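First the structure, in the form of structure tokens, and then the observations on it.
Going by the order they are written in, the chains are A, B and C; count residues from 1 in each one.
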Amino acid sequence: MSARAAILGRLKGAEPDRAEADALLIALERPRVDEGALEAEFLARLTLPSISATHAVIDSMDALPSAIARYLVQQGQPLTLCLPPDPRLSGCDWSAFTLHDSAAPDEAAALAIARKGIAETGSLIFETSAQAPMLPNFLTLHHIILLAASDIAPYLEDAPLPGLQPRAHYWITGVSGTTDIEGTYVRGAHGPRFQHVILLRQRRDVA
Amino acid sequence: MVSNAGIEAPRIMTRNVALFVTCLVDLMRPRIGFAAIRALEAAGCEVVVPDGQTCCGQPALNSGDRDHAAALARQTIEALEPYEAVVVPSGSCAGTIRCHYPEILEHDPQWLPRAQAVAAKTFEIMSYLDEVCGWKPEGVALEAKATYHDSCSGLRELGIKAQPRRLLKPIEGLTLTPLSGEETCCGFGGTFCVKYPSISNAITAEKADAIDATGADILLAGDLGCLMNMAGKLHRNGSKVRAYHAIELIAGMGEGPAIGEEP
Amino acid sequence: MSAFTDRAEAALTDRLLKIAVERTAGTAETKRAAAVAAFPDFEAARTRAAAIKDHVIAHLGAYLEQFEANAVAAGARVHWASTADEACRIVVDICKAAGAKTVARSKSMLGEEIGLPHALAEAGIDRIETDLAEHIIQLAHERPSHIIWPAMHKTREQVSALFKARHRSPHEEESIAAMAESARRELRAPMLGADVGISGANFLIADTGAVCTVTNEGNAELSLVPPRVHIVTAGIEKIVPSMGHAIHMLRMLARSATGAALTQYTTFYTGPRRPGDRDGPEEMHIVLVDNGRTKMRGEGLAEMLRCIRCGACLNHCVVFRQIGGHAYGGTYPGPMGSVLTPALDGLRQSRDLPQACTLNGKCQEVCPVRIPLPTLLRGWREKSWREGLEPTAMRLGLGVWVWAARRPRLYRLGAAIAVRAMQLFARRGWIATLPFAAGWTRHRDMPKPARQTFMAQYRKERGK
């Protein structure tokens, strides 16, 4: 008998009732988010010491490269940037930058576009796709994230996509850190040590 | 698991109360039993001490000796069931009767209802006086600074937390200073302290340090096992803190000999 | 004396261990309390979390099949293992088929449980532990001592010495930040160059076939995305019905473990890379491991399968706080370890664990899924008693006690004698040494009793 048959044989039982499973998620307990002030709630979480992210606001995609340049100069970093192959970025003027299309193990700065921001936790939501590689977001020292203000949603329940799932769906909540040595928090264990969110606040958001 | 502590004060005060004194109080500190009677009588109860009581069976229960625990449970149930209410000066013994008797006898169709009946009318003493009788001590005075340790069984099985403090509050001259880690186990754990003495000692030593740090004159709790453990460690350390069961102060017997001062 | 008591004694004299434990578990206690206080109706959330897990456990077979179907539809291969050995064999075979010389591991207690590090070593496969604490204990040739902080027993000085001895370009500054930097440098290339990435799973999502991992360091993603092959080893109880259910459990997990609202990285992997994806493994294998879980479900330990491995019970256990994790001798320490270890390793060799507990109930109070740990521990005690595993002296002593207690008249006589006899050992109200009570009097005094028991005094007073 295969292990599968043996295990399932030991677990014989009734089919779960979908309604019963769904009922377990009614009226969830969760932190309160002021849904009328999503951006403020989101930014408040971002600035928590446990998240340690910085942010800047732009009002159009045209302003994106200069906002990034400003950040890198402030951080004493050269203007090199790993860009994802996302068509939404092709209209920007990247001439000031040395662009990488893939991330080296010691990549200094990488840009990513978050599909959503979650006010409850200050999380940024990403999925993998042909336009969105995953590795640069973890290899880079400075993780720069573009987020449309209109894409800020209140709760973690707003993060997932319905239907067919991408290869990876991931939430990034603050900079990489660890408390493995004596319980003392340090940043940049393996992942990025710096997170900078560039919030795009315009009437017509990122298409 | 604050399970069976959903007690509602009935309109009429129960008059006919049986005292389950507990083996530890019977052997090691009878004055707790007398304090219990005193307080209950002051609250308007008529107290009986049923003959057939010895031990609730907790040592057997916690050792995994289910058969003997069941035997002692039956004996105890039989001794206590004739009375309207049973009052116990110990959170762990009251917890054993209230929470564990029905568990121990769950497969015994004859005894389970009897266990449930006794469980439903068994109360830890401070909970009984405060919540069932709605009573407060009057005219009791003791000039002292005390600190209170919340014994685990009483706290987690029966929800004993506010009741002792409410009963101690009216005592004139008594100030209660909080104990850091008041809900942290003292390290007694029944047979644990003799089965694993070094581990128990390490836990108890920290508790004794916390008690000393309060600057209190008196240590109070609702369980004699815990009190003996903490007082024994304090004394071995040369601490000047003296220990009583809270019911002794509540009954106005706080000027008597503390634990370890038996003449 | 037993192996456990020997280890416990050694731990109790280890001052550095105590400091390390307080810095991690002690801090976690404080942080969790703050997180719980800030959460709306945490008690109701606990009840819900327990209900979700109970629902899954009741329908575990069906949910596993649903998970498998969805994972396979997404391109993953699902394997089943009844035992630890089977699970290791499957993992090693996958590695060998992939021609793997090195594997990068992200932290997995299940991997530890099945003995995967040993199996990989036996197979001649190099193992790169990418989680900082796992890296530390790998260098030190030790096992984890906590399920959330595997290296919590190590002081910074001990870690510093390890790194200076073993890292290619170790830290110069004696700071924890510099040490973490050194580990980052040391592990970067090996981690990214590994042939296979092996992870555990915090949750398996039945209705999508997704595997969820949560980390703070980002090491999981860096270990699991670059290699050609990603292997997941997961206990079968990790299933939840949907993402929505996982989200509720995730809210409970970080708060209970460290007091955070969420870990830094929460990743859901559904199958291997898709056409057009720029990175990701070509093969994804999920090994579903039983290793005693179906037995637990069928033999009164179903509630233990609710466990989401948060470590709160460890952090709040007065015994764990004194002896640390290694003293328990198994994969899992603390209260949850004391329930699991007899199930995984057999009661005979681990009988101390359910006994070395005061049954104070704090563990149950902080468990996000309301596992009745004291009840389960008492269950092990009953089994131990039935199987005659308890020491003779204990059985005898208890036997005498019960025998007497069942005979009230004899009991009163015996009690009267005992309290009189104890007077002989007392000086000024206290007893410092007492026959048969060395366990007590070694460390504390015993107050002497009154000359007469309560029942004797009561009878006299009431003129009966």
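In this text, a residue touches a chain if its C-beta (ideal position, glycine included) is under 8 Å from a C-beta of that chain, and two chains touch if they have at least 3 such contacts.
Treat the numbers as computed from the prediction; the structure is a model and nothing was measured.
Counting C-beta pairs in contact across B-C and across A-C gives the higher total for A-C. Measuring from the average of all protein CA coordinates, the nearest chain centre is that of C.
Centroids of subunit A and subunit B (each the mean of its C-alpha atoms) stand 54 Å apart. One inter-chain figure worth recording: subunit A and subunit C are separated by 30 Å, centre to centre, where each centre is the mean of the chain's CA atoms. Residues of subunit B found to touch two or more other chains are absent.
Of all the residues in subunit A, the ones that touch subunit C in their complex are 2-4, 6-8, 10-16, 20-21, 24-25, 28-32, 50, 85, 102, 105-106, 120-121, 123, 128-130, 132-135, 138-139, 156-157, 159-160, 165-184, 186-192.
Every residue of subunit B that touches subunit C in the complex is listed here, in rising order: 1, 21, 23, 25-31, 33-34, 49, 51-55, 57, 59-66, 68, 71-72, 75, 152-153, 156-157, 183-185, 187-205, 228-229, 231-233, 235-236, 257, 259-263. Taken in their complex, subunit C has these residues touching subunit A: 20, 23-24, 27-28, 38-42, 44-45, 48, 51-52, 55, 58-65, 74, 80-82, 86, 130-133, 136, 149-152, 154-156, 159, 176-177, 179-181, 183-184, 187-189, 191-192, 208-210, 216-219, 221-222, 225-226, 236, 241-245, 247-248, 250-251, 258, 260-274, 276-280, 288, 290, 294-295, 297-298. Of all the residues in subunit C, the ones that touch subunit B in their complex are 5, 8-9, 12, 318-319, 322-323, 355-362, 364-365, 372, 378, 380-386, 390, 394, 398-399, 401-402, 404-406, 408, 411, 415, 418-419, 429-430, 432, 437, 439-440, 442-450, 452-455, 457-458.
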